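Chains here go by letter, A, B, C and D, matching the order in which they are written, and residues are numbered from 1 within each.
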Amino acid sequence: MSTETARIEAFSDGVFAIAITLLILEIKIPMPGSIPLSLQLLRQWPSYVAFLISFAFIGIMWINHHRLFTHIRRADNTLLVLNLLLLLGVTAVPFPTAVLAAHLGKPEQKTAAMVFSGTYFFIAIFFNMLWRYAASRNGHLLSSEVNLNSALHISRQYAVGPLLYLICFGLAMVSVMASLAMNLALAAFFALPPKYAAGRPRAGDMAGVR
Amino acid sequence: MSTETARIEAFSDGVFAIAITLLILEIKIPMPGSIPLSLQLLRQWPSYVAFLISFAFIGIMWINHHRLFTHIRRADNTLLVLNLLLLLGVTAVPFPTAVLAAHLGKPEQKTAAMVFSGTYFFIAIFFNMLWRYAASRNGHLLSSEVNLNSALHISRQYAVGPLLYLICFGLAMVSVMASLAMNLALAAFFALPPKYAAGRPRAGDMAGVR
Amino acid sequence: MSTETARIEAFSDGVFAIAITLLILEIKIPMPGSIPLSLQLLRQWPSYVAFLISFAFIGIMWINHHRLFTHIRRADNTLLVLNLLLLLGVTAVPFPTAVLAAHLGKPEQKTAAMVFSGTYFFIAIFFNMLWRYAASRNGHLLSSEVNLNSALHISRQYAVGPLLYLICFGLAMVSVMASLAMNLALAAFFALPPKYAAGRPRAGDMAGVR
Amino acid sequence: MSTETARIEAFSDGVFAIAITLLILEIKIPMPGSIPLSLQLLRQWPSYVAFLISFAFIGIMWINHHRLFTHIRRADNTLLVLNLLLLLGVTAVPFPTAVLAAHLGKPEQKTAAMVFSGTYFFIAIFFNMLWRYAASRNGHLLSSEVNLNSALHISRQYAVGPLLYLICFGLAMVSVMASLAMNLALAAFFALPPKYAAGRPRAGDMAGVR
């Protein structure tokens, strides 16, 4: 954490922390009534699935943000704006999550799953914009000690993100479960350190980073 | 970030982060029913507009707060109180936003737009008070290494804020859309680094800062 | 901010920031209907009063917490627990505030004002416990460079807090408005730096601090 | 707080701070009506009990997290994921708390108490996983200056956690009050510094830590 990026990271940490903590508020509290409590709790399974998926996703986005900012050491006005764009995506997550939870297993679950995957498609684009800007012009915002290989691994892992989420989006029209399964697989893919997730960089890739 | 202002910045970051993340809670989750989900989602467009505008505004206020505190290095009791006054405006933002979202395109949208612009008028005044106090008495709370030109640019950019938001407020009585458009233009103006937003400082301006 | 107390301050800043930002959620959004929007907005004045009072109170508690921790440099398990007790009071504030907002100007406003003042009575006690513990045993948790006069001023200002809030509590049974006015006066008293709020320390007071 | 773990701690502080502050939102605001306000306030006692218990629990979990990270100085990808797993448990706490508050003193309070204790059983496991991973392979993520005795005390105190919470869970089927009392006793046990809570380490324990 450099002095220059400290407040960007602190503000972003706050946003991630709040977004991930608010998710629990979407789960309805079962009230005393004619239906047994245990049954009421079980019937809410789509809410738990949506909560767990969104928690994992926001958590993994935080890990990725953290990873980027171990490389990024300088900040300018454009970086502040691109970081806000990414946080816009992060704060929006509770909405598609709640839409999915309300419609999973119901007639219109396909529309809900498309809203859900669509959100992550945009977030994947925003992650790419933030990283590519920081790494542009010979890595002008990166630490001078940055490991070139590590930066390249990130670039390559991120490059495929938007396309893969677009496939998720299309898959939702065919099968909601297949789309959600692919969403989870993608989350695992982006949770992995880039050196395992991306293949070995080739010489020609170097130009893309610095 | 100096040791003396570190906690003011951390507390303010927390307030900005929460205010910007709570905005999503104002968007209603469409429930399964007789109206198709896609239609329900589309009909909520005023909520999305209000969400995006408020997100942009709080984000840009954070950028400005961040910018001020790269110059401010010392803190006293008055600065703490003026910063709280500014944060009062920031935490209030979700209310006029929700009022606007509830009335946009409805008969009383003018009143809603006036409440909305009025809030930013007060915030613009609070920003001026904070900055002018810190820069007063020969910049007594500013870093000794502060760039005089940069400080002057901020003073000049901020000086016009309250008047411009007052025009926005008046414009809402005539045309809601014109008022909102001017609001967005002002947001872009304050997102810009001061050196581009304000004209070139003249010699006579110097007295205003230190 | 010392390394040892950095996380206590960061965690406390988070709690203060969230408590102060959540207050706006207590204000109801007027919906389109038969009553004009401007009238609906005006009729909600007790909500605005409650919001402003609570914002000022939480803000001033933050200033006081900040002030204490410019003196406190060491932390032990007891300090962590006493700080949590104080934060318990801070997080509780939105509840008595909402009770007051719901009943101000209604038949049971006296009960509501008693709940409101009672909360601050307990918070005043918790502030005293935290500070007295840190300053006990010859100021064992205070910075070695701590200004003795400044520490004494805090001790004397805080010592009268619980009694004054108890009077506020009793006053609510007689007159709600008098009690709220005294609440506001107390807020201003605790916002002041201790050297102005407390009288000049006498020699005999020294024993109380270190 | 080391540079490497600073953002993990900042993010975790944010999550703990929000989770502990959101608890108050679960308490219903009594509205003016036919039942006297004082009676309405008294009848809500299960909400206050649930609020106080959850506040104490999240506060004590924060103290424990803080304690672990005075020992942990290095971070890797697995630690990030294990920390997220622990935070998953922390953010979930408002839900079982609200379920307990809604059903305490009602026919299905046993089910509610089981949900409540069950949550803490999982959190106890997550705490063990985080700590055991950091302390594994000769304490590869611990500070080189870590006090071995102190680390051992933590290991021993945590080792009994899951079993004790499992007993709480079973006890809820017999007596809700006994289960809640044991929950409170466990909270006190984990609030204590490990050297008082755990017995004296024996020579054979050393292998478990480094």
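Before moving on, here are some points about what is shown:
The rule is simple: contacts are C-beta pairs under 8 Å (C-beta built on N, C-alpha and C of every residue); 3 or more make two chains touch, one makes a residue touch a chain.
None of the values given here were measured: they were computed from a predicted structure.
The angle needed to superpose subunit B on subunit C by their Cα atoms is 90 degrees, rounded to the nearest 5.
Both subunit C and subunit D derive from one sequence, and where they touch, under half of the residue numbers involved are common to the two copies. Subunit A and subunit D have centres, each the mean of its CA atoms, that are 27 Å apart.
With centres taken as mean Cα positions, subunit D sits 38 Å from subunit B.
Annotation for subunit D: residues 10, 13-14, 17-18, 22, 25 touch two or more other chains. Those residues of subunit C that touch subunit D in the shared complex are 3, 6-8, 10-11, 13-15, 17-19, 22, 25-26, 77, 80-81, 84, 87-88, 91-92, 94-95, 98-99, 102-103, 106-108, 111-112, 115.
Residues 1, 9-10, 13-14, 16-18, 20-25, 27, 29-32, 36-38, 41, 52, 55, 59, 62-63, 66, 69, 191-193 of subunit D are the ones that touch subunit C when the two sit in their complex.
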